[in-house]
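Chains here go by letter, A, B, C, D and E, matching the order in which they are written, and residues are numbered from 1 within each.
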């Protein structure tokens, strides 16, 4: 008989001012749904785009403010921030930093979403997802210029999920955030205007595999809860550090949770969805997903592994090292044989997940009183660099077109450098950044993760990582060869003239990539001063 | 002997009755074979073969099912709130109001987009 | 400031060129003029730097230091020693020559002119940066960054197989560079272990590290440098790249950028990891000797002029590396001088053969014959350049080669002996090449080959003048080099062995005594 | 909530369960007769009057007749599901009754055992009822699907869509009750209505619930799943004999269930009608409350029958529109209003008198608004007549694409 | 208590095997739902074991998430079904280029 007496309830204390960026984005997303319901159709897309952009900018400004107002905690290791929302969220340096980069990614992606010049005044998303491709309904939707302006609220909901995921301090919040992050993305993947079948299949695949992996994550949470009796990361840490038995359950819990997280970051062997989804999804969505999901999921993974299971790092480290190696290797090797730009970028993202994992397994938390780049800050920096460059790269992909929409087959990119050197130059720059060539942000990023790994004592991994980067460089270079040193086949690709939106995105990505390569100082300092996780 | 035992007892009685009825029917009833009788009923015309999976069903049903899920979830969250209403204070009221408004916005969206139309 | 300006001028020039209009032929002419102007300004700046450099003081001068990436402990820190200054001068001298020589290079598209010269200036600027960096991180950045412009130079402008050559070039160098990156990361970790992380040359040389660590880090650096200054068996990218690139590109690649490799060995490897260098020296010396002989032997067998020159460079780089790792002041000074001289002679050789090839439309030795008769100036210059390459006494490379061998003899007689064999082979390949192309009866299909025009002569003249001048009067350069070499030698703590040869190179010795 | 729940001896439980079961069976038989009599009276007929006194045994006779009909299993059916469906529909209908309170604690005759007149209770009893009645929907859907017939399938789909649609409104209608009672336990809700029956302060909820319960049970005017004109017999088109009887039984039991729930939540459960306890002390003790309870449910049953006798069947789209576009938003708004008012009241910031006047005023306004003339939608332009010979050749009209099928 | 955990594990395993073996998207999807429910069982059992309510709250959240997943999943499956007239995972193979 469960007692009917209710325990006394206290109204929870929520740090509204510190959590404002989350509320802003969530609020704007909800407002977007209202706009969707009441705004006249003719100008709805524009209204949604403006709303989303303004909302993201507001949140970004607020994030900066929040970051400056984080309290410093002088633990043995520097940290800043606090545990808020009754222990559900941790508003700490790394978390708020990640909000910042996520918002920047989102801002860039929103601009790409809003691009309508490429399809002759229509967005990259299908007018009415319910219509079958080629049906009368679709033709009607096109002629009436019906558009899915819901993409903006959906993306913002996903963004809220990402932000939550990056700063959740208990596993339940984390799971909810994971789903909030994923569900809108599943939908967004399936509504490309061109090549709908591909897009829908991508959505289906992403959905089924994503749901499957999140169930693993969830079962891991359940086992962790069974082991520790709490969802709070710090409580789990205590339970893990003082454990007396139940090691098997703990290991199973870690394994299952890590599987879920590795899926999201696209690490081998849980990467199989990545190329298909990257290829099938509408390119602006791919850009958003590639940059955002990876950043959020990595932060969550860092939190889980460092904060909750830090006491058991000797158990999970060898496995993650192995995964890092095969991820880097497979991502690099398989991408060489790709013939599709988006698939190639997908494999490159896999390889990058591997490099990020290298930084992670360093498990280097720094030494008190010493300025040395830690695993967390190296990953924070890498994520920013990778995200910006990959959004830029996908933005370029949206511009290279033929009569059937984007032309992503690599052979069609031949000679691009001759017909439009600026665009090809930008793409080449992103490739160089991915390859980690100096004077690009990618180099500094790679440098920092390798440093963190070496500081953590896994220098053989650094050597492997370095060799794999050379391997990976091969296919980036191959693309450059194709664009600049090969003559175009037939008429060659046409490069659509974008509106200012895409131009701004590409330009920003270029400037950021070069800027972070030459003067990475400010961002690197930011990543470093974000400090450790607050427990 | 928990609070659930009576439910099971009553359920067992009902189940017993239902199964008994099902079992007894073929015994008590007559059997007169007639091919047409075993075909499905289509108002007297020759039954056409049913398409696989039951054929096409209006997508409206799916929408209704999804909407139901959304609102059922809302209800699930409203109930504990309602029961603990007095001890939650103004905070609870406001939070729940926000929650309901959020769901209501989704509802308004579906309405405006014709999700509630039957045609 | 002067050094920063020096590196910045060409880079700014390159960016400006890239942004300038490029469609009309007038604009293209403008681009060429601007490129030449920028390179000349750079030359002037470098001469000012030379004037400001105090020859007697030695050490790193004209230094400049700004905080750059605090998180890494990386500084923007530049300065030159004698070695760096020499190579800077080499770079600034060669670039105008190359630009002038490449004035009318046939490019795939006329509108690429701007890009072509912009990339050249970029190479110059980045290479200058590498020569002046005194922070390992900064050095690495410049070292790797030179790959990009060179990659585009090779890949966009050159022979039919250029893209393959470009990729091979890039991948080889990138692998090396990344291994060096691993070492740099290691350096950071090692250096931050006691106190703040640092990359400054001055700080790094005092760092304590275990023998194993030192050796591993050394190997990382050495791998990069050995690929860059092609050491057998890591040289295979060079003949391909040089065989496909335009002459100008080849000059920049072989004469300037590859020197960063040998420069790195002497300023970074020896300075940072003296013990490890000592430990590895037998192997490296062996490889260097193999390089000398292998390069020379293959050069003999080449029919493609450009590949031939590339192989001669492999051979010459063998000499340079041999001199560096012989650890005597003589050999090291000789190597440094050799870098300078080899730059000049190879440049002359590449450029003049490039002109031949452009006229004939073929790079095959067997396609030429009797050109001397219709193009006497060209054949004359080819002869001088060739003779300098085979180290004929009286021409600049001879002194350096002699010093290297002399220094090496005191350390390892077999190595020196085998290396000397290289000289013989050098005579063979150069003379064969000259004889087959220039002498003999004029072949029918060589009728179209006309003699050099004034612009080309103007381009080549400085190189030839320098080759001849330094052949007789190398002391000014040696004066710059020697203090720096002494410092390196004292740092690695391997004083010169007892002289077994009568030759001694002291700064005060009259120059004529060496010959 | 009585402490006895969960601690009673098994024989008491078994006895009570049996009584509930038998009561429901009898009530069903009675209801069928009752319905036919009342409808007949409304239509100036007599209704069944042959079997037994007043024809009371007519339903029993019908049931026995059904047992002697041939038990068919159609060829196209999915056998297992087809047979399981009626069972699935029946069991939950009965199980819902285990938390309905009939009366207060009483002493069982001939023993000393004291027991509440309720099988069991727990803190989420109402939720349990919702849950268990939802399972009944499976029976209907599965019956429709397993029959392998298009009519049955459509009937099943419609029926389930209808039931879940109205379940939302029904569920929302409960929320104010819980706010007032502070519990989901049925006996506590009844206890909380000692002073006021909730149908008064929560009148809108009550109205919504009553409408929703008619929709829930597929009764007229919402009996669309069985609309003979469109769907023959709906989901049970292909069922015969006792299987059909089970569905019939389940439907009537459900009817009683929702009535009993309405009684419990809004009409004070087993409590004696207004004023009665004041004149008669014993009205709320002993076995008398069972009578009040029975009468109240019977009142609802009468209401059901009355509706059936009076109203024509609604069109399906009107019906769904009504559920989704009227009931649900009204419920939501009402919940918010109740929340605010209740909270203000608890904080002592509200004057009862004013509140009553305000609500009366609102009620009048609402009443008046129903007389407001609605804006007529302009008739859509009739489509121009199709000219088959327009192009010179006779061409049949293009079929219109129906995107939603 | 351990029996419940074991049951939950068994259900979870059945679900995951189903996901890996079955080819129909809807069935795969149902298997995932089964796994979610297995997780719920585990949550509730652990909640009982530890004597705190967190696990039950978690079960609530999981239900919500499962519902949202159903909504999204069905939308995707229905749309692809309308396009291709099939719900087989195998037939969705344009991407295996």
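Keep in mind that, in the parts below, a contact is a pair of C-beta atoms (placed from the backbone, for glycine too) under 8 Å apart; a residue touches a chain by one contact, two chains touch by 3 or more.
Here is each chain with its UniProt name: A = NADH-quinone oxidoreductase subunit N; B = NADH-quinone oxidoreductase subunit; C = NADH-quinone oxidoreductase subunit M; D = NADH-quinone oxidoreductase subunit H; E = NADH-quinone oxidoreductase subunit K.
All of these numbers come straight from a predicted model, not from anything done at the bench.
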Inset, instruction - Determine the shortest chain-contact distance, in steps, between subunit D and subunit E. - result: 2
Legend entry - Result of counting contacting C-beta pairs for B-D and A-E, higher pair: B-D
Inset, instruction - Kindly work out which chain lies most centrally, taking the average of its C-alpha atoms as its position. - result: A
Legend entry - Whole-Å gap between the CA centroids of subunit C and subunit E: 65
Legend entry - Centroid spacing, where centroids are CA-atom means, of subunit B and subunit D in whole angstrom: 13
Inset, instruction - With chain centres taken as the means of their Cα atoms, state the distance from subunit A to subunit C in Å. - result: 44
Inset, instruction - Calculate how many whole Å lie between the centre of subunit A and the centre of subunit D, each centre taken as the average of the chain's C-alpha atoms. - result: 50
Inset, instruction - Could you tell me which residues belong to subunit A and also touch two or more other chains? - result: 1, 130
Legend entry - Per-residue overlap in subunit D, given as positions that touch at least 2 other chains: 5-6, 122, 183
Legend entry - Residues of subunit A touching subunit B in the complex: 1, 6, 8-9, 11-12, 30, 33-34, 36-38, 130
Legend entry - Of all residues in subunit C, those that touch subunit A in their complex: 67-73, 109, 115, 140-145, 147-148, 151-152, 155-156, 162-163, 166-167, 170-171, 174-175, 178-179, 181-182, 184-186, 188-189, 192, 196-197
Legend entry - Touch list for subunit B against partner subunit A, complex: 2-3, 59, 83-84, 87-92, 102, 105-106, 108-109, 111-113
Inset, instruction - Write out the stretch or stretches of subunit B touching subunit E in their complex. - result: 59, 62, 65-66, 69-70, 72-73, 76-77
Legend entry - Sites on subunit D touched by subunit B in the complex: 5-10, 13-14, 16-18, 20-21, 67-76, 83, 86-87, 90-91, 93-95, 97-99, 119-122, 127, 145, 147-153, 157, 161, 164-165, 167-168, 171-172, 174-176, 178-179, 182-184, 232, 237-238, 241-243, 245-246, 316-317, 320-321, 324-325, 328-329, 332, 335-336, 339-340, 342-343, 346, 404-405
